[in-house]
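A quick write-up on the structure given underneath.
Which chain is which? They are A, B, C and D, in the order written, and residues in each are numbered from 1.
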Amino acid sequence: MSLEFEKPILDLESKIRDMRTYGEEQGIDLTSEIGVLESRLESLKQETFASLTRWQRVQVARAPGRPTGLDYVNAVFEGFEELHGDRTLGDDPAVVTGLAKLAGRSVVVIAQQKGRDTKENIHRNFGMSHPSGYRKAMRMFDLADKFGLPVVALIDTPGAYPGIAAEEQGQAWVIAASIQRMSRLRVPAVSVVIGEGGSGGALAIGVANRVLILENATYSVISPESCAAILWRDASQAERAAEALKLTARDLQTLEIVDRVLDEPVGGAHRDPEATMRQVGDALREELDALAPLDATELVRQRRSRFRRLGRFTELEAAASEVPDTRLD
Amino acid sequence: MALERWFRRGRPTRVDDDATPAGLWMKCSACNVQIYRKDLVSNLHVCPECGHHYRMPVDERIASLMDEGTFDRWSGALAPEDPLEFVDTEAYPDRMARVQGKQGRPDAIVTGEGRMHGEPVAMFVMDFFFAGGSMGSVVGEEIARAAERAADRGLPLVGLAASGGARMQEGALSLMQMAKTTTALESLNDLGLPYISVLTDPTTGGVTASFATLGDLVVAEPKALICFAGPRVIQQTIKQELPEGFQRAEFLLKKGMLDDVIERKDLKRKLVRYIRLLLDRPIELEREDAHVAGV
Amino acid sequence: MSLEFEKPILDLESKIRDMRTYGEEQGIDLTSEIGVLESRLESLKQETFASLTRWQRVQVARAPGRPTGLDYVNAVFEGFEELHGDRTLGDDPAVVTGLAKLAGRSVVVIAQQKGRDTKENIHRNFGMSHPSGYRKAMRMFDLADKFGLPVVALIDTPGAYPGIAAEEQGQAWVIAASIQRMSRLRVPAVSVVIGEGGSGGALAIGVANRVLILENATYSVISPESCAAILWRDASQAERAAEALKLTARDLQTLEIVDRVLDEPVGGAHRDPEATMRQVGDALREELDALAPLDATELVRQRRSRFRRLGRFTELEAAASEVPDTRLD
Amino acid sequence: MALERWFRRGRPTRVDDDATPAGLWMKCSACNVQIYRKDLVSNLHVCPECGHHYRMPVDERIASLMDEGTFDRWSGALAPEDPLEFVDTEAYPDRMARVQGKQGRPDAIVTGEGRMHGEPVAMFVMDFFFAGGSMGSVVGEEIARAAERAADRGLPLVGLAASGGARMQEGALSLMQMAKTTTALESLNDLGLPYISVLTDPTTGGVTASFATLGDLVVAEPKALICFAGPRVIQQTIKQELPEGFQRAEFLLKKGMLDDVIERKDLKRKLVRYIRLLLDRPIELEREDAHVAGV
């Protein structure tokens, strides 16, 4: 499977492969011809990925083959032991949690998990959590605090699941509680948006000291499709909505919502999962090293003030009808 | 997603719109009885026939809860920007200018302090008639400042939520207000000051999934719609009928999500009682008048 | 409705009433005759209730008309505001919780609630909680700790409910969690067994600094009926089991499981609810006054050591095959 | 109530009873295949054909988890009294004397310390073959002392539960062991030392409703019955069939109550891994042998 804008690249790659095979079969030296095509391929890739539209990045963020939470858990961490259940309602497969080592340091891992094929996608509910998933995450926050272990949260969800049971079991309550619980963590917390950062369902595990995002990942208040359906009553206007929502990694960096953007290999994470995961692993190690000297009080203070600052607004001159008694922090 | 209803309709149904000429008769949308509009307003926008709770304008809400002449407004000096240069059917600044003009405030919230039966409290009230009470940077900042100022002054905080959720036009900045308001509430928590949240019709999306459900006590008005995902979104997802009363206050009370469902006429008395009990202050012994409108 | 051993008393009371009526109707002075009967009644009551068997006390503890949790809440406390729900699963009617004043002091009240008639009994599930009831209690513990309010727990349950949903939702987990959470309370906690103290379902809200019990209340590891069914395969041997289990207030005082036994009016609480409730109210005020000077650390320490001590066992001489390396605390 | 099964049968089914002559064939109660008893024992009492986990005698359990020769026993110096002078079909002291003689210990528990793959740990193991693993004052006190001694020595605690619940013959004193064990575990909690609870078949009643489910991690063996009220009690109460697999480890894992279900052959390795991860100690990199019997 390929994304539409990837076609010219894939066509060229296929042409190079054919030429190489042909040369070998016929015993003809096509080295220079192939070299020309390869350099053309390289610039085509560079050009295409340097100028991806927001909507194209949305597609890369959702691309099949893009590494999922569990891929990172297995590639970046050592000795992962999955811990199940929320001790209350169930064990949500859309969130994988457990203990592992990262560069010799024990950490608590929380990973939103989409499926890597249709069957797993159904099992994982396409990465959309029920309340038990967030309760499981909160249990991990408790465990992390008790044993002084840093938290690594990998964000990749279209959003919290909108269903009857989810609402009955307090989807809103549990997302709010998870935001609050995570803001109170007395240990270092790093979140990485590795794919889709879908609304409150993503933020629930995104209240970290440092929030990282992959170059082609997105983080948004609403999906482009839903946004389009509301604004123009037409989900096919998703491309327009994606542009309007400014949901790419670079946009979010400009808005100071994320602290650091991690480059993906040219062609996107799904074309080179190993390199992408190495990149994320290195960044996590750096971030945890940097946070390690901070004590609990400082970690909580830093995290609170990080999120307290977010937003853009204008301070007005006092209006006649208003008490001008506001203050800046 | 929860904003959907609001934007689809363009404007909410404003049966209690101040523009409706006073003194006219109207048909109650709940019981179909013809009621005199003045009676509805003087009854706190509750149908005198069937008790249906209509959405309440912010200023009347404040008047119904605060002792007369005690409310000191904090909010109003912050106005929205247009960080995304967002244009849908209308540019975001134009949309805001229009709504600001109509509602007479820069964004969908009023905060301040006052007294309830003599008890000093801080309060925020969301304005659903202002862009569906949607939460952007200004709403988030005003709530955060109200929480922090309440903490500075040693006041309990009462919040009245009414919102379609996070405001799309400010993108992920709106989403981040969920975390911002939550962290600002910590300043009250640090001091052991109560924050009581009142969910009114409707409270949805990112507002429900942040400060609105983080009260030490969380109560709701009768039949208020309270949800994360709106009923339409759920119905589209699951292609199935929703249960009777689903996502309404009484349903959520049964599901364990609310401390209580409180009729509007009892709200002031109950809130004062909660605050006094939580802060170990003397509770009033005299019977209070059940009707507190304009007090 | 009356208990079987109450019949002679009730017969005598009825005879006195008849005689009084007869005297009035006939204009005859029966004062001295009535006086004789009344003094006989008084000694009959005293004798009967001084020597109640354990099984008879079980019946008094369960007697219709005996004041229930909500009766106390309304009679002993002021300004009660019920708080509902566990924020997770539901609102269990078998446990009533809220805020109230006791002698001018704000307290958190947790009351196990049986029905006062058949309809309420069904609604209250005969006082048998589901997990949501214990989760609601734990939420109250959190509230009490946050606002520094003492906890008063009124125990009256045949036990936690044994059902499918209750097991699925972690009945055992939540009872254990409630025991642990209550043991960690940083505020004064007083529990009163007002009727039946049924096993773990009672203990879940019984880990208090002071545990009081009414004279005819019971507190047991198992109901006499279930005990009999297990030991003699015959539930009708409940009387024998009640004797064996030593489940009365005085037994429990001897075993140092309860700190204080509160007298009931002669005839039992159900014959004079007001006097009983006054008695309990006075005791609660005294206990809370006595605990008020203790700080959080001392309250936790005292509660932990109170329960740590319970049990009866013999320290053996070191056996050859055993390491004798035990120590006394 | 959960003791019911045990007492009704008089004695538990002891397919793994040491009295059974070694070398005889037996029919697996799960798969009906004839298996050689010696193979069962050498396979940690797990059926080599179908993987059914039989109940395991305490000494073999300890040998399967502790490094050879490292286990130092703490328990054994406390014996039960008869505070209630309890007589059922037999006086309680007589019953105890009989079981003590058979099991060779004063009550239904063994505690001590040792090493698991070199990692020092404290451990308690309940003996289901001793009066159904019922918890009276001695079991409660031994667990409490084990927790406190582990805390004194800075050791993590691993507990293996197997119990019919609280012991009726000590009445409310048995009930109070639920609170006693819970408060004693606080000494580990105070120091941030891990307590890992392993639920084995069966874990029921007051044991499940206290220390056994209070582990920082709670895991179970395959198909172990784990419950508050036993299946028979529930069936009598609700007069209804119980769902397939109800109250078994796999069912409870799905219901969110367990961290994991672990096969006996993996238990030692997993426990060591958990402890090292929680205490931020190096985890072993070499592949460990899956079969750890007698190691």
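Quick notes on this structure:
Definition applied: contacts are C-beta pairs under 8 Å (C-beta built on N, C-alpha and C of every residue); 3 or more make two chains touch, one makes a residue touch a chain.
Values in this document were obtained by computation on a predicted structure and should not be read as measured data.
Averaged C-alpha coordinates put the centre of subunit B at 53 Å from the centre of subunit D. Computed centre separation for the pair subunit B/subunit C is 42 angstrom, with centres defined by C-alpha atoms. With centres set at the average Cα position, the gap from subunit C to subunit D is 32 Å. For subunit B, residues that reach two or more other chains under the stated contact definition are 255-257. With touch defined as above, residues shared between interfaces to two or more other chains in subunit A number as follows: 87-89, 169-170, 173.
The touch graph of the protein chains shown belongs to none of the named shapes. In summary, the structure contains touching chain pairs A-B, A-C, A-D, B-C, C-D.
On subunit D, the positions that touch subunit A within their shared complex are 189, 192, 194, 216-217, 253-260, 270, 273-274, 276-283.
Taken in their complex, subunit D has these residues touching subunit C: 1, 3-4, 7-8, 72-81, 83-84, 86-89, 104, 106, 112, 136-138, 140-141, 144-145, 148-149, 166-168, 170-180, 182-186, 205-206, 208-214, 226-229, 233-234, 237-238, 240, 242-243, 246-247, 255-257. Looking at the complex, you find that subunit C touches subunit A at residues 87-89, 169-170, 173.
Partner subunit B is touched in their complex by these residues of subunit C: 78-79, 81-91, 99-101, 104-106, 132, 135-136, 143, 146-149.
Taken in their complex, subunit A has these residues touching subunit B: 160, 162-164, 166-173, 175-177, 179-180, 183-184, 199-200, 203, 206-207, 219-222, 226-227, 229-233, 244-247, 251-252, 255, 257, 303-305, 307-319, 321-327, 329.
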